[in-house]
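The letters A, B, C, D and E name the chains in turn, as written, and every chain counts its residues from 1.
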């Protein structure tokens, strides 16, 4: 069966990561911004797995678990923050959350 | 299967003593959580004392580290005098912050167990950061400290500023973390390992082989710098800091501005000096540029602040810049200078913020510089302490701040690169710019009469103790720095950079 | 054109499509679903890369748990259409372009990276189980400490959620 | 020299000790605060006098040395005095009691803080004069700033805050670059110990490229020039002086300005002789401009204190000129003139302060005809003015004349231009005196002003005696400076290497053969400066 | 050798007097003050006399007799002892100063009797004596400079004695500052002397210069510089302006300081430095010219002054001019001789004038006096004698001295007819305005309200000094009398050691030749000898005709020659010119350019400017902190991209 160069996976992860960055800058809604972080983390995971494969080593895969756990933790706290924010402000648009400045 | 796991653990338990401080901290954190439900709202203060005991015990347990240098957990954790030094700094900061929190939380009506537990966990995370010999482990530690600080920043839930700060910190923090992580991935891809020493030798081999570093490694380096630069608050990643520091509860700000910085700088030293030692000529420029930007942005922006808390936030940016100056030296002396600076910095910064925490009064309403008018006559001792911290931040001789700068500049001037001289001159000029805004506060405190009708509340004993420790430490570092300096030198030496 | 290659391109396209949707969708819920799409396609790619266990975790934890949490919160706050304000000119004119530029740079360098050329060993059903055992060995021996640390992390997360998300008393 | 003397340590930190004593007092117990402060400063003066008998005028070595390790192996606690610094220490200890005495009544709020600041300054200033370790020196150097900053800012007059901030930023800017230079120097020498570094420079163990040396020279010189202050870096001075309380002005003009000239003598010249020689013409020109400029601007001031402040610019111009003539006469004159200026201008400020205590203004037009209500005070005022305008046989003349005659040996033009300062000083001082003291009393309030009180008479009489004494007994001072000065000049010559010597023959000190011999035998060839370090340090 | 070994006593006495009166005089009665002041000065005079006696017994090789007291300054090769010396020149000055000083002290006890600040006056006066004696006894330039500046100070104090009067205060200040301008040159001169001779002791310098010759330019420079000092101190062109104003001071002061002693210091100094001057012909010429021109110039101003003291002041300037003329033509002895006689008759003139003013109750305008001859005879006669003396009427002291000077100018070694002519013309003018003064004051009808002012003769303690001085004004010049009949001039002989010891051989040769060569020109010259006398008499007669015979002609002349009259009346507008050209521009520049523009504008502008720039950039930078999370994110992205590019492309060298 024919094979796929690892670099393809890496390029894909790069694209996803980049899109994640773009999304982070582009989106205004707190939740979606947060999602773009998750997107970036996924890109990272892909890279890890790809590299692990390339090296035929496993720790890359282990890292993926840790990343996922961290992502989960962040999700919990992050969404809690979002909720807290929603309790005190009407809008979830980050651009309207600019009490602190200068 | 289960048995195997237990066996594994018992074998691994042998390593725990090399993590003594972290273990202690986590234990107390969990203990607090366990006790919390059984204590009625009015008595929560006890938990604070427990946390204090925890931190102190951890500080004491650092002693164990001193006696068991080496590596733990299959070389993920490295115990050397370097990590010991950083541990001490962090834990001292923690102790002071907790002392400062006790009454603050009462005042703000947010005296809760979680607060202290989170502080302890955060500190534990920083401890891991300080001892980490492996990037992913470091990443976990980083997250432990970050996530708990996101929460701590937002702890004054009712205050809009607080939860806004929390949100910004959280979003940008995890954004930066993602970069850091991607960087790690790159490094892993290039070297096939994430252990710092292994990375070092791998990269050296590659350089020896192909004469230069592969692009991925450099890419990883850049991305890692983004992640860490964010944590140590250097330009252009400093943007979030003023908002977050201003919005957070002041004792948290105190902790945030000091301990994580120390821990992260420690990690940065390990990664840049050791792992990427072969790329010194590359990252030198990243550091150089960043240092210049950081110093100018921090100092110039601080010039025009009217809010003491925010002014101090900018000043902590500026100080990160000075530390980078020492960092750029890329020598043992440089590392030692960084460590010494951190020690001095932590003391004076925490001290300063604790003063602000007290002077802010109920609801942190009195933060404007003008609110400090007449403090010199109303609360002479408090004002004196504050002046001391400010003068130390300014870099006046006989204070820790001065020697920090002194050794930093010294190391930089001894460094290999000629451009370091220019860097030092820039730093010097900046410290004069800095003088202006530190002195302005003193001017207001002493040279301007305050309003008659306002009388500040007396300084709580706990805070007083904290301030005393900080002040005494600042002076001690300024007048008899030899012991700490030698300690720092030993620590730097234990990095064993090639 | 062999099956894996086709699958790869299919999933890759889906992933990118999802990412783009995530960006373009104005309803948060749509973005969430787009993200789920990305995760799903990534899971498939993991399988292609011969990491079925990771793929499983990806589906269960990520798509399963985390995204559900997202959707739940979106529903809870019934976050409506995203208003496309552009107060931050710099984000619009500099941030987004630079994001793409970063994408380009990383992509290019990864494409030409030396390891990129190595060929991943195809999916061998035989070494799967071994794979997983190996994995667990790694996790509990080699990386035991981070693993334990993550437990604290989770604890922190729970605490944080407790502290922040509770109603003001 | 192996034996350690602790006298300097005592002298340096005695004031600080008395600060501790003051801290114990209740802050509203003004009487005892004043008394203790005065007693302490007097005791300090007496103790400092102990330096004189022990001081040997025959050697150029640093004396009363104390030497301990401090930080690492590079930074030491190293004290010592030589002919250059000896009398500056005494000047400090002499002026401080008077400064305290003159603030006896004029300082009303936060008395405790005031005297503490004063005593801290004293410690810092003495520290600057006696430290032989660049690091230690810098520490004291910076420490002088803060108390003075507080003194101006807290007890000053209307625009005090502006003045205080201007003062401290101006000076800090200079000193921070000096710090960089110090560190760079350390980078080359591996020590902060001044004698050791001098030794290395002399024995050629370390040498700088002309460019580097010039840069470092400038870094040091800038710091000192700002302190002096040398035109055009002087603009902080009038503000600081005008706004400072009397004691502040006295200390500022009396001692602090000398920190600058002392620094030039102690560091700029011995460490970077070649650059010093190259820069000399420029600096001399600036000094001369300062002399004339300061005098002219002083002439037209309508604020009495500001006027006196500008005279300092003029007088210090003389000192700098004398130093950069690189002539043993002129340099001794310069050192002596530092002392004279300390006494005379200090006294002038004291007088002005006494007027201010009575009328709370410095505006000259607010006064006039004061000789009628207060003859004694005005007579002293005139006397001091005369000393300040260098009327023989008063102290001012001796210093100024030594400077002139020494400078003239090497540079006719410089000295000739500088003499114009003599005329101008007569103009501004006598005119000011006339506007203040002579004629009918113009302002009603002034008719009833009280003449000098006993306390004030004591202060002024002390000053007057000092003025006369220093006018007629100058050899008592210069004899003790001679050897050190010559040694320094000789050492500069040694260091400068043939090239510079060829280029600037005029700049070499003119010494009688006898003195050369004296210098040679005091400066053991080879490692003269090292010889001044306690043996156990020298021993490997 | 009692006093010669303790010369300092002569100085100590007046100093003590000054100190005592200054410190305690305030509480003492006038009598006590008198005894302290007059006593100390009289003792000083006696001491001086004794010194002179002892001096006369010295062997020639012991002269000059130098006494070293203590080392005053020492630094490197520069060393100054406080040392005093006595030689013939000193002796003359010593006696003149102490004696005249004593007389004037006595006179003052009467004149100042009714003045406030009595003790102050006498302590100043004694202090002046101290400094003046220091000046004349100094054995080196620096000590001399001490006296030099010291007398300046005292003149400042005494001119401004009535400090309530602004004019007095101004005059004092002016005197001090103007003389200081001259001292500029003097100082530089001293510096140059030391640079040239590595010493400031007269003995050393003179020996040195006589043994190893110096370049003439150097000596000329030195001499001209020193002479600048003399110009200031002795009120010569162009720095004479302070002396007329100095008349604001009490009359005894004018007599002592601004006629008899201090103002002659310049002459003394030039004479003292004669070994240098003799070797610098150009400088000599300058001295002579300045002297002669001043003599004539100020005489012209004297013609039209109405203030009795002003007239005397200008005549003083003029007479000093003669002295310098003498020195300039190498007749130092003559110069010193005239200095001495001038001390007598000019002192007398001032005292007499003081007595007139005293009698008139302070009136100084001659046109408001008149016809006092009968009322105050003593004053009248003494003043007349003094006038005859100054006018150079044969037989009186002034005749001998002035005649010697003019003689030297005519036929001396450095003779110069032009200068001689100026001198003669000046002599004529002198006698004219002096007699004008006498006639206006003592003759004709009183021009004042006799009921208001009741004129009265002064008390004994004022008149006695007048008489003594009158006596000296007649006989004081007779040392030189024998010369008229071809004999020797005792005065000159006495002084000759001082002026010949180090004199250049060339000069002596010149003198010799001048005497030997007898040409028709010489004959003509000797024929001219009588001229000055004739001119003086003419002046007398003119004055008589104008102010006694037809008193209204002066007015008509003033009308017809209005321009000239005003020019003279306003002293050639010199003060105004100085003010317009120097004083005002300087003040204006200092205020508007140096202070406001340079100091506040430029320098502080830069300083505050930097501060402003910093603040400005600060407030710009804080704009980064827009508070918008998206912008923050953007910054992080910028950072990420920036560093990636920096490391990869710029430094990593990969593309």
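Rule of thumb we're sticking to: contacts are C-beta pairs under 8 Å (C-beta built on N, C-alpha and C of every residue); 3 or more make two chains touch, one makes a residue touch a chain.
Worth saying up front: this structure is predicted, and the values here are computed from it rather than measured.
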{"item": "Graph separation of chain C and chain D (steps between touching chains)", "value": "2"}
{"item": "Top chain pair, ranked by how many C-beta pairs fall in contact", "value": "A-C"}
{"item": "Remotest chain, chain D as reference, centres from CA atoms", "value": "C"}
{"item": "Identity of the most central chain, Cα criterion", "value": "D"}
{"item": "Chain centre separation in whole Å, for chain C relative to chain A (CA means)", "value": "6"}
{"item": "Gap in Å, rounded to a whole number, between the CA centres of chain E and chain B", "value": "79"}
{"item": "Centre-of-Cα separation between chain E and chain D, whole angstrom", "value": "38"}
{"item": "Distance between the centres, which are taken as Cα means, of chain D and chain A, whole angstrom", "value": "66"}
{"item": "Shared interface positions of chain D, touching two or more other chains", "value": "169"}
{"item": "Residues of chain B touching at least two other chains", "value": "136, 140, 143, 147, 150-151, 154, 157-158, 166-168, 171, 175, 189, 215, 219, 242-243, 436"}
{"item": "Per-residue multi-chain contacts in chain E, two or more chains", "value": "611, 622, 625-631, 633-634, 637-638, 640, 644, 648"}
{"item": "Touching chain combinations (by label order)", "value": "A-B, A-C, A-E, B-C, B-D, B-E, C-E, D-E"}
{"item": "For the chain E and chain C complex, residues of the former touching the latter", "value": "626, 628, 630-631, 633-634, 637-638, 640-641, 644-645, 648"}
{"item": "In the complex with chain C, residue positions of chain A that touch it", "value": "1-29, 31-32, 34-36, 38-39, 42, 45-46, 49-56, 58-59, 61-62, 64-66, 68-77, 79-84, 86-87, 91-93, 95-96, 98"}
{"item": "In the complex with chain A, residue positions of chain E that touch it", "value": "622-623, 625-630, 633-634, 637, 640"}
{"item": "Of chain B, residues touching chain D in the complex", "value": "377, 391, 396-398, 402-403, 406, 409-410, 413-414, 421, 424-425, 428-429, 431-432, 435-436, 439-440, 443, 446-447, 481-482, 485-486"}
{"item": "In the complex with chain B, residue positions of chain D that touch it", "value": "70-72, 110, 135, 138-143, 145-146, 149-150, 153-154, 160-161, 164-165, 168-169, 172-173, 176-177, 179-180, 183-184, 186-187"}
